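As structure tokens, here come the structures.
Shared chain: chain A. Partners: chain B in the first complex, chain C in the second.
== the complex of A and B ==
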């Protein structure tokens, strides 16, 4: 990957400078995947990489393709790790093929991004999940992969939950006694943090006061919206039970590991140097104006071992601006508006409704 | 979900003679109820059903079988499909005409027009206890023990559904004499003549695209008889001009307010269509250069039999070209149902030699019109016993 993208402060490059370099990287990756991923070539062989002058021109894959077939751009013997997103039970999981290079690059980029929010030192880490979620190292679930991916940003890793999802009060108290006044990193999936974390703490009547903690959470608001929990309620309740904590939601896809969009103090998700987003209109799939809602496309300069550098997600969102967020960070900033409403597959498929009993 | 009867009448069903007076009273009443209700106008399938059910049509239909001595087969179980909400009524009504006692299990997925139809049937049922008892609509779980018992004693079953669904139903035990009438997964296609298209005047072209949209977009391209493939017939050199002419008119029509109201795709359906196109391209079935003309279009140099499984509809047309109709014969399988055509000569002549696939040919615009002959079967004859 280009050194300027990699080594500059992750939110430091202004539009013109960033786009020139990023487009070059995405062009190179398009050619690379055309050469080495036969499925990608079958679909996008007609695209001339030289014709890619702007990020809009980079062809994009719909995300379910990673469930429908194995997409890899490396020889089998170079496969280092296969990430699997758990999805809903019964569904085929996504398969993300990593080689050592891409795995290393993704960690490096992730560290650069996270240092912006966590500082350089490794923080003491409290994970709002149970330890078994990362046990099967050969094939990670999305949750396991997320935890594994962020673990090396912290030390003294402590799991706050038991295997049965109850609070591990002893572990939490012990962690608090040792690190309550030291730099702490907390991480968990939004819904887990809420349901099995702060709500359980409230129920147990536990109130802690961490003095220097950052909580990173991800995984979507859908379930919380169903319970009518807003970001404000979430942050407020976290503060009430855990102390003065900087809470940052972030957005990312297991199909594009290492590329994360972190929410700033203004509540905006930010693109780092190595990534970009576009919003497309369903149907003609043209890019819409800033401010208009549509389907989110995510682009990343990281994926070499699998063709994941340009993906059309199933999420809706809206670009809010570029280079001019009041928080001072450069790059596009946006918001996620949730999943596209799923329709029942209509097909002639009704008399048999799913379960294979 | 418990066992729920939509139109209970409190009496046991009794078989009736063919074309009994109670049949005409029931269908006429349902026709009136549908045609007079303002809310029905929002559902073109129900409007069409109301029209089909009108008395003159039912009488004409019955008359076509008067020369035969038809008796009921007995108790008939129907499994309704989920894709075309009101399709089950047609086979149900024809079975009622034969005098059978019918139990129709509705799809749990249905909403919209099927719910409205159920309301109308429930409303008229008290006035027609005899016919209604022979036309009972139910909702229940697929594995409800009562459903299994019902099928064990059925004299015939009418099974609409996906291949997977039909296979599951076939595993349910039935009596040895039970007659299964199966409507499994089918795929349909259109053939447009390039020469005719390039000669056509503007009003005719506009009529063509609006007919094409009605056939293929009414149920989000999910009906079995809606085309998923568009075959251009004629000289390859004229292809680009013909495509341009057609798709420009198509897109212009889809952009009108009237068409936008009628033919809506959800964002998720549009996403599915794109994913489907990309997946087929990765499988090498179609070219990866996906075009947008209000719907998605992909090019297939060769039409593959695999389309019958791979193509999911939702606003996606696979296009290909043939010089002669007989070139189609290579890819047709028993799953190919309706061929709708426009600007093509000698279709009947070609059909004489087409031995596999194509159950039905209709001009573009009539693909969704229900016919008593469906998937190659005369439903009245198979739902009755013809005494010889």
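== the complex of A and C ==
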């Protein structure tokens, strides 16, 4: 990956400078995947990499395609790990093929982004999940991959839940006694932090007061919206049961591990140097203006071993601005509005099915 | 040359025989030294050499030789 993208402060590059470099990287990756991934070549072999002048020119794959095809741009003997995600539609898992270099780059980019929110020191880490989630080292689930990736930022990793998803009160109390007044990083999937974390603490009548903790959570609000829990309620309840905690939601997907969009103090999700988002209108798939809602496309300069550098997600969202967030960070900032309606999602994956068969 | 102490920490953390621990052994080049093992290794290095490694150190620690170089930064010769 380009050194300026990788080594500059992750939210430091203004639009013109970032786009010039990022487009070059995405162009290079498009050519690379055309050469080495037969499925990608079949879909996008006709795209002339030189014709990619802006991020919107980069062809995009749809996320369900990772369930239907083994998308791989490396020889089999270089496969180092396979990430698996069952996603929302169920049965067939997505398969994300990693070689050693892409896996390293994912960790590096993730660490650089998170240093911005956590500092460089490794915080004592409490994970709102159970330890068996990362048992199988060769094949991670989406949850396992998230935990594994973020564990580089922590020390004294402690799992807050038992295998049956009940609170491991002894582990939590022990962790609190040792590190309650020290820098702490908590991580979990949004719904699990809520349901098996803070709600279970409330039920058990436990109140802790961590003095210097950051809670990162991810995975989407859908289940919480069903229970009518807003971000405000979530943050408030976390504070009530765990103490004065900086809470940051982030958006990301297993198909682009390392590429995360963290929510700032203003509640905006931010694109780092190495990634970008576009919003497209379902049906004609044109890029819409800032402020208009549509389907989120995510672009990342990380994926070398599989063609995941430009993906149309199944989420709806809206770009709120670029380079001018009141928090001071550069880059596009946006919000996620929830999942795309089923019929729209089917429509867009059919488009690709048609062109490969 | 990889000295004994560093070799022992690596061998124990990665679950490998000591003779396999050479200067050019690289992170993610063998299944025994993956990201899970890396965290175990880092904790073992911190305990053994009484040092606190930051997140940059962890991602820079791409080989045995590099680990020694990073520890040297903290005035640890090994």
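The rule we apply is simple: the second predicted complex is superposed on the first by the 339 of 357 C-alpha atoms of A that agree within 3 Å, B and C clash if a C-alpha of one lies under 4 Å from a C-alpha of the other, contacts with A are read in each partner's own complex, and residues count from 1 in each chain.
Quick note on the criterion: contacts are C-beta pairs under 8 Å (C-beta built on N, C-alpha and C of every residue); 3 or more make two chains touch, one makes a residue touch a chain.
Worth saying up front: this structure is predicted, and the values here are computed from it rather than measured.
In the superposition on chain A, A:340 contacts chain B only, with no contact to chain C. Of the two partner chains placed around the shared chain by superposition, chain C is the only one that A:121 touches, whereas chain B remains out of contact.
When the shared chain is aligned, chain B comes close enough to touch A:64, but chain C does not. Of the two partners chain B and chain C, more residues of chain A are touched by B. When the shared chain is aligned, chain C comes close enough to touch A:107, but chain B does not. Of the two partner chains placed around the shared chain by superposition, chain B is the only one that A:284 touches, whereas chain C remains out of contact. Contacts of A:148 after superposition on the shared chain: chain C is touched, whereas chain B is not. By the touch criterion defined above, A:134 reaches chain C but does not reach chain B. By the touch criterion defined above, A:192 reaches neither chain B nor chain C.
For chain A in complex with chain B, the residues that touch the partner chain are 39-40, 42-46, 61-62, 64-65, 68-69, 282-285, 295, 312, 314, 316, 340-353, 357.
Residue ranges of chain C in contact with chain A, taken from their complex: 27-29, 31, 34-36, 38-39, 42-43, 46, 52-56, 58-59, 62. Note for the complex: chain A touches chain C at residues 80-81, 100-101, 103-104, 107-108, 111, 114-115, 118, 120-122, 134, 137-138, 148-149, 151-153, 155, 157.
By the touch criterion stated above, chain B contacts chain A in their complex at residues 79-83, 105, 107-110, 142-143, 159-162, 164-169, 184-186, 219-220, 222, 224, 265-271, 274-275, 278-279, 281-284, 287-289, 292, 294, 312-313.
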